[in-house]
Each structure stands twice: as structure tokens, then as C-alpha cells.
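Quick one: the structure is below, questions incoming.
Going by the order they are written in, the chains are A, B, C and D; count residues from 1 in each one.
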Amino acid sequence: MADVVETAQFSAWMRRYADVIHENAGLLTELDSAIGDADHGSNMDRGMTAVVAALDGAEFASAAELFKKVGMTLVSSVGGASGPLYGTFFLRFGGKLGDGPVDAATLGDALHAGVDGIVQRGKAAVGDKTMIDAWVPALEAYDAAQADGLDVALRAAAEAGARGRDAATPLVAHKGRASYLGERSAGHQDPGATSTVLLLETAAATLG
Amino acid sequence: MADVVETAQFSAWMRRYADVIHENAGLLTELDSAIGDADHGSNMDRGMTAVVAALDGAEFASAAELFKKVGMTLVSSVGGASGPLYGTFFLRFGGKLGDGPVDAATLGDALHAGVDGIVQRGKAAVGDKTMIDAWVPALEAYDAAQADGLDVALRAAAEAGARGRDAATPLVAHKGRASYLGERSAGHQDPGATSTVLLLETAAATLG
Amino acid sequence: MKKLINDPADVVSQALLGMEVAHGDRLRVDHEHKVIFRKDAPRSGKVGVISGGGSGHEPMHGGYVGMGMLDAACCGEVFTSPVPDQMLAATTGVDGGAGVLHIVKNYTGDVMNFEMAAELAADGDVQVRSVVVDDDVAVQDSLYTAGRRGVGTTVLLEKLVGAAAESGRSLDEVADLATRVNSVGRSMGLALTSCTVPSAGKPTFELADNEMELGIGIHGEPGRKRVPMASAAEAAQQLVDPILTDLPYSTGDSVIAMVNGMGGTPLIELYLMYGEVHALLEKAGITVARCLVGNYITSLEMAGCSVTLVKADDELVGLWDAPVNTPGLRWGA
Amino acid sequence: MKKLINDPADVVSQALLGMEVAHGDRLRVDHEHKVIFRKDAPRSGKVGVISGGGSGHEPMHGGYVGMGMLDAACCGEVFTSPVPDQMLAATTGVDGGAGVLHIVKNYTGDVMNFEMAAELAADGDVQVRSVVVDDDVAVQDSLYTAGRRGVGTTVLLEKLVGAAAESGRSLDEVADLATRVNSVGRSMGLALTSCTVPSAGKPTFELADNEMELGIGIHGEPGRKRVPMASAAEAAQQLVDPILTDLPYSTGDSVIAMVNGMGGTPLIELYLMYGEVHALLEKAGITVARCLVGNYITSLEMAGCSVTLVKADDELVGLWDAPVNTPGLRWGA
């Protein structure tokens, strides 16, 4: 268990996330078919494929630079709601990482900044049945466990994110396309919350 | 068993044929779906419904006049290939019936004239897989049995027509829409030959 | 059967009510005869141009009535040729003293019904000439068959011939032009799905997910053969090749090209197909002078498309560019 | 999945190749950014009008690029908003010094991506104003939701606003007009079938033979509720009533009306539906000043239709009648 995260680990996180998204693209699109427009899987897959292509062969002086590239790449390749939201997340996240190795507190600050960016762009709150329903409890769990170290905090965040995702399933959506369905959105798992939990899980596996 | 047909019987024939067509409209359209354009049942049904409407309340001085009305009504209401063909049949058929009661020989002449009209308009020959494949053997059988009286002759015609219809089923069509299918038309029963046999069967049942 | 209709028996007459209120500024509908007239018909001294056929091919023919194209269109039941009374009403209704051209698609029913109408019109002293369109290369032409079907070329011919009539040409000139256009027009189509005739209530045929019908007409009928589902590039080849081998082309030839949707295929796919067709023509040294991409001659909601090529010289391109103002085709006006 | 495509991943870029060769006389395609430009853009001194969104709605938006309508359209992946780079390329590419209007449909993704592009464009000294179209009465508007979707009014707005820009109005005038059109435009749609997003490979939802989806958008999504399949007359009522109760109408009001097909419904049914809609409006004392019947804003091959009404005064009717020359809408030119 490391106390700090190196830039190479962040890069590994992104590559791992790209793989996991590719494997789960069908699932994400399936979830988006029920309450959206059947593209979340292909959107994320296209974006993370572009991210890997952008990372390949490139050298980054810092994690901040790496995530600037990730964020810009997602903004420029995904489109839809998830492009600006994940793009903004990584831009803001990277902006908080500084130049050196990243400790648990810095990582926590960065996660908060990223999620603040999502909220600013998307104006969703917990209970609106969006990725925010996974992010907010994940941040709370991370904060509570931060003192126990990066690894523990990230695992706690992933688990809390999953619980948040599931807690949103019975809800009626108030934001995003799912909101157009009104009552019919209840009982369906949110695709964006699902891809968020995958991001947290891969973070725990690669950064911890 | 009558030796002559009265105008009222001809009228009954047309009404009976209208009923039989209505009952078989689904079958005729089904057959036309396989090798045509799925409308022979509704075409004939629309036409014979119009014929019955035209007969209702009308008085006809002769069978010739009655069939002039039938033929014109079919021409004006059916469309497609069957409209002009059946229409021409009845116009020519009626033209040969003369003013008085109709005996077996006159009826035979009239049937021949009607079928000649179909051939003139449609230029089909036996083996082209059209209604002609039912009509031609029916005429031959009628001619052969004519001396035995109207009733026998009409029954013989209907049976020969049915054999002709069935003999055409394995053939490749050379006329009508079915011909567009080439080899694929083989093995399917021709819708127009089928409605022709129904006409002959109802003739045997009502005129004999 | 899922259709936005009220009663399978009334589809055509009710659609005509909609046409009438939608285009009342330019069109007039004779509901008794189910004929759509150009509002200002008959135009004195102008050759009248009429067409017609079964319904279910919209916008053809009713959508092509208007300045520079048809003077009237006869609407039969779905996929059923209209009856002679309809063509007669159309013929007498558009005759401005210069005679009337009948544009007939080569189907036994259409040909016979139009023939009967022409005989009746001649009795009534209207000069009639007819052109029978038979452009479908999927069907072998022979004295011993019903001959080739009339398909996509009909649309282009109605535009070209309509422009000639509008410009004041005589009946013989217009009819000869029609014959010439037909002689240089060829089409080929394919279907990915069947369609449902309202009165039949269920699809005309069934097709597996990995199959398509090649060599279809425009009446929802199965095609010449069932083949494996192909990519757009392969499909384009299967449509273009038989056209190019049927009518000899030389490098430098020019065409008016149409990639036509059968009704249920979205425009994004038709443009993609057009890209493929255009590339094949380029490879064959053929220039596309003008083109149409969209639903112009359809089979209800059938998915699929057809390709039509009309070999074009300067005269035809000039007629093509002439103003036209119909619900289905409009430019320069 | 049966589609005339080569690869689900390349549908949009390959369709753009087809658009380019089909309409190269009037349009120019930036393939890197997937932007369709009017060939003569930028026009000095003219307000640039751009729009864009996910693909799969053809002819919208690319088919509405041309004289009197859009100067450029950004083509996203199927049903996925384009990215800011695309809007930025379009914005700078059409700016003739008079500023650029962004026509945005109200979807979270579209709004956010256009916002980011507008911020970038402002950095680059292009004056940008945006209008967000939100005309779908199926969705309740509220501060606590994503608001109403942008659907059919978008087409009519692009025409009206395009005419205003063409006539030389300023950016503020054009943008204010856009806001006004949006405020008097309302739509409602229904689906008889789902559609298949190419990358998803199977239909977004399943619907029984006796059911339809009422209150759909344009992304192949299920609607507000599943209701029993209805006759055309009933369906027309289910579409028109919510529009007329949402925006108060009085006897004598005039509208521009559109009966729009979702892609897989044949024109014969759309005309039949238009007849029903027209009759309902007449009963309500509303006059149809102008109308469109056809596939104008689609969801791939979905069967179904939508009704859009834009309350129209003389100014709007005048702008409507102004010449337009695009692949999807053309008159007077």
C-alpha cells in the first residue's frame, strides 16, 4: 500500500478504466436504452479509446498535465451529457493535483474539485438520479476514511458509490434524459452512475 | 335440372359469387402475397361488393344487360389486372347471351367469348400460370359435356378448372406479377386461377 | 398491423383529404374519381401530362402534380392500378386542346386499365399518347413475359417530360421525349424488410435478419432472389452493376442519378448509399450531372432502396433544371 | 440489425461523404469536424446561423444548410450531441463579422456542449447568442427538471430565423426572433415502433402490436406513457389536445403546422394524419397559414409522427415564404 500516487499510476488508471469501459459498453448502453437513448456505452468507449490513444507515446511532466489531456480529450470526443461532465471532472481534478506525487489529502481535494465541476455544469443534486448519486456518497466515504490511507479511502469510496448508484435505482429522475420518462424512470439503474462506480473501482484497484 | 338459365339465376350466381369471394378474400390475398402484391382478395371483394350494390334494386331486361352492368362495374371498381380481365370477360360473355333464356350451347358460346376477351386483353396462354390455366381446360370440359346438359357441363368445367389451376402451381409464371419472381413463382398456386375456379363452382351451383 | 389509419378500406380516400387541405393552394382533388389535379388545369394549348397507379408509392404520383411536372395523377387502391374511369376523368380534366400524354408503368393491370381509358378518351376526341415505363433491370424482357417493371425512372421521366410540356412542346414531341427517357433509364432495387398492405393486414413476406431481397419492384413483393444481408458497399455494387451491364456505358457518360428509399429506410442510410453509388460511378468513368437522394417512389414502409440512372445529355439536364413546383419535387419556383 | 451501412462506427462520417457528393454544388463538408457548411460561408456582414445535434434526425440539421436557413450544422454521433470543437469550427467558419446564432435543442448534453463552445468562441472574439428550443409539451417544465425537450419547432425556427438572417437583420434581432418563435412553438409526438441505434445493434425498446408510445422525443426513447394503439383520428387528438391546452389559443389564431414523420411511417399515413389534424384545428377555430407534411425531424427508422404548431403572425408567414434553398427544404429558389 503506497502513500502517494505517481503519475504512471494515474496513467495506468486511465488505461484500466478504458478496458473496463470497453468490456461494459454493452451493459451501459443497455441501461441507457431503458431510460435514455442507448448511447452511454458507445459514448464512454469512444472517449476512453481516444484517451488511450492520446496517452500512447505521450510524456506528461505531471499528473495535472496528464488529466488536462484526459479532460480535453473526453470533451472533444464524447459529446452528449457525459462528455462535458466527465471532461470537466478530469480538468478540475487534474487542476488540483499539483506538480509532485499525490497523497490521500490532495487526491481527496482533487476529487471534490472534479465533482464540484460536474455539479456546476449539470446542476444535479443527490436524488436526481444521475452520476451525482454515486459521486456524493463516494466523496463522503473517501473523506471519512482518508486518515486510513489512500487505499482504504478509495475502496470505501467505490463501495459507497455503488450503494449510492443502487439507492438511485428506485428513484424518479429529475435530470438528464431519464427525466423525460417521469415515473417510468423509477426502477432502472442510472447508466452514468454505473460508469462512475466503474471509475471509482478502477481507481481503487490502480491507485491504492 | 333445368335446360335453360333465367336472368334471375344469373343474378343469383353473381350474388353467390360475391359471398364466396368475400369468404375467400383472405385466402386470395394470401396467395397473392406469395407471388404478387397481396391485393387479389381485396380487389375481387371490392369489385363483387360493387356488383351486388349495382344489382340491388335494379331491373334488367335481359341477361345481356345484367352482365353489361356486371362487367362495367368490375372495370370501374377493381383496377389492377383482374379488373379489366374479369370486366372484359363479363362484357363479352353477356354480349353472346342474347335476349331470351339461355341454353347450354349459348352458355358455352358465351363462356368462349368471355375467355377470348381475357386472352385478347392479357395475351396469356395456357402454361403462363394465370387464370387462363383454369379457364381453358374448363372450356374444353364444358364443350365435351355440353350434350349432357347445362348442369353436367358446368360441373365438368369447374372440376377441369380446378385441375388446371393445380397443374399451374408447379409452373414458372410468364405473365402477371408472378412472372417477376422468375423461378421463385414455381410451387405457388395462382390467385387469379383460384378466383376463376370459385366462379365456375358457383356457376355450377347456381345455374345448373 | 400498426398504421396511422382509421380503416384499411379508407386509407387512400382519407389521405387525399389530407393532400387537399395541405396543398389546396396548388392542387385540386376530385374525390369521386380519386384524381389529384393541378389547380390551374386544364391549361389551354399545353399538352396535358398525367400518370397514376396504385397508391402506397408516395410521393409518387400525387406528390408530383404541379407546375413543370404532372397535370393530374390517378390514385388507385394501395398497390392496385386505378380504373379506366379515373384515367378518363384525369385525361378530359387536363386536356387543353393540345392532347394528353399518359405515363404508364409496365404492369399488366396498369397497362390494361390505361389502354381502356385511352380508347374511351379517343372516342371523346382527346388526342392521347402513352409511354410505358419499363426500366427494371431485375426482370428479363422478352416477348413471352410481362416484360420489365416500371420503377424509379418514372419519377425522373415525369420531371423531364413535365418540363417539356410546360415549355410548350407538342404532344408528339413530348411523347417521343418520354420514349427516349425510358430508353436510357434503368433501375434496380433491394429490400431489407417487407411491408404491410393495409387491407391484407400482415407483411407480404417474411425475411430473416441476415437476408435481403434483391431485384424487388415497388409493390412490396419479394424480389428476384433472396441473398445474404450485405454491407452498403456490397449492396451498392449489387444495384449498380446490373444497370451498367444492361445499358452500355462509356467513359465520360453523364447521368441523372437517384438513390431512392423504399419508405422505411432513414435518410442517413440513403446518403451513405449515395456515397457508395457515386464512388462506383466515378470508378466507371461516369459523371453524375444531377442527383436525387430520398424517398421518391416507395413501397409503403418497406426498408430498402433502389438506384436509378438516366443517361443524360445537355437537353435532359436543361429540362431537369427547369422550374418545378410540386409537393414532392420543387426548385426554381 | 438491418441497415444499409458498412460499420456502425462509421455511419455518420460515411453519410457525410454522400452528402458532400450529392450536394457539392451548394454545400461544403469539413470532415475532420463533421460540419456541413453552406458553400459560400462565411458571408460578410450576415449573421451566421448554426445548429447541430446528434445524427439520426435527418434531414435535420445538415439538410437545412443553405441559402435562407442554416450556415452550418454540426453532426454528432447518432443521438449524441456534438462536441464543442465542432460548434467552434462551425462558429468561426460562418462568422462574417455580424456574429453567430447558436440554435440549441434543450438536452443536457447539447446545452452543455454548445455552452462550452460559446465560451471558446467568445474568447476568439466572435459574438455569439444562443437560443434553446424547448417545445415538447409531453414534458413538464420546472426548475427542478431538465425542462422540455427541443423537438419539431426546431425545424420551423431554423427556417424563420434563417430567413431573418438572410434579410440582413442584426444578431440581436435574429436571436430575439428565435426566442419569440420558440415561445409560440409547441410539439407532441408518438411512436408505433422503436428504432435501432447502429452502435447498440438492437431496438431501444420493444412495443406490442396493440400499443404505442405517447409523448416521445426524437432519440428513439420510450415516451411518457404506453397507451393502446389508436386510430388516426384518436391519435391526432392525443397529439393536438395537449398542444392547444398548453399554449392558449383563441378563435382566429393562425399557425404554421407540421405533421412530421419519425422516419419509418409512409407519407400516405402522414397525409391522412394531416387531414385529421387540420380538421381538429378547424374545429378549434384555428387557421393553418402554412404547413409541412413529411419527414423533417426523425428518429432513424422509427414509425410514428409528431405535430408541431407555431402560432404565426404576418411577419412569421412572410419569413416562412422567403426563398430557401437547402436539400431538405426548398422554395422560391
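One rule holds for everything that comes next: a contact is a pair of C-beta atoms (placed from the backbone, for glycine too) under 8 Å apart; a residue touches a chain by one contact, two chains touch by 3 or more.
By chain, with names taken from UniProt: A, B = Dihydroxyacetone kinase subunit DhaL; C, D = Dihydroxyacetone kinase subunit DhaK.
In this text the structure is predicted, and so the values were computed from the model without any measurement.
With centres defined by CA atoms alone, the chain at the far end from chain C is A. Separating the centre of chain B from that of chain D, both taken as means of CA atoms, is a distance of 54 Å.
Chain A and chain B have Cα centroids lying 74 Å from one another.
Centre-to-centre separation between chain A and chain D, using Cα means, comes to 32 Å.
Multi-chain contact residues of chain C (touching two or more other chains) are listed as 78. In chain A, no residue touches at least two other chains. Interchain contacts link the chains end to end along an open line, per the touch definition above. Here the touching chains pair up as A-D, B-C, C-D. The touching residues of chain B, when paired with chain C in their complex, are 29, 33-39, 41-43, 46, 75-85, 121-122, 174-177, 179-182, 184. Across the complex, chain C meets chain B through its residues 54, 76-85, 107-109, 112-113, 116, 138-140, 144-146, 149, 197, 199-200, 204-205, 217, 219-222, 224-225.
Put simply, chain C touches chain D in their complex at residues 1-6, 11-12, 14-22, 55-56, 58-59, 63, 78, 192-193, 209, 212, 229, 231-233, 235, 263-276, 278, 288, 291, 293, 295, 298, 300-301, 303-305, 325, 327, 330-333.
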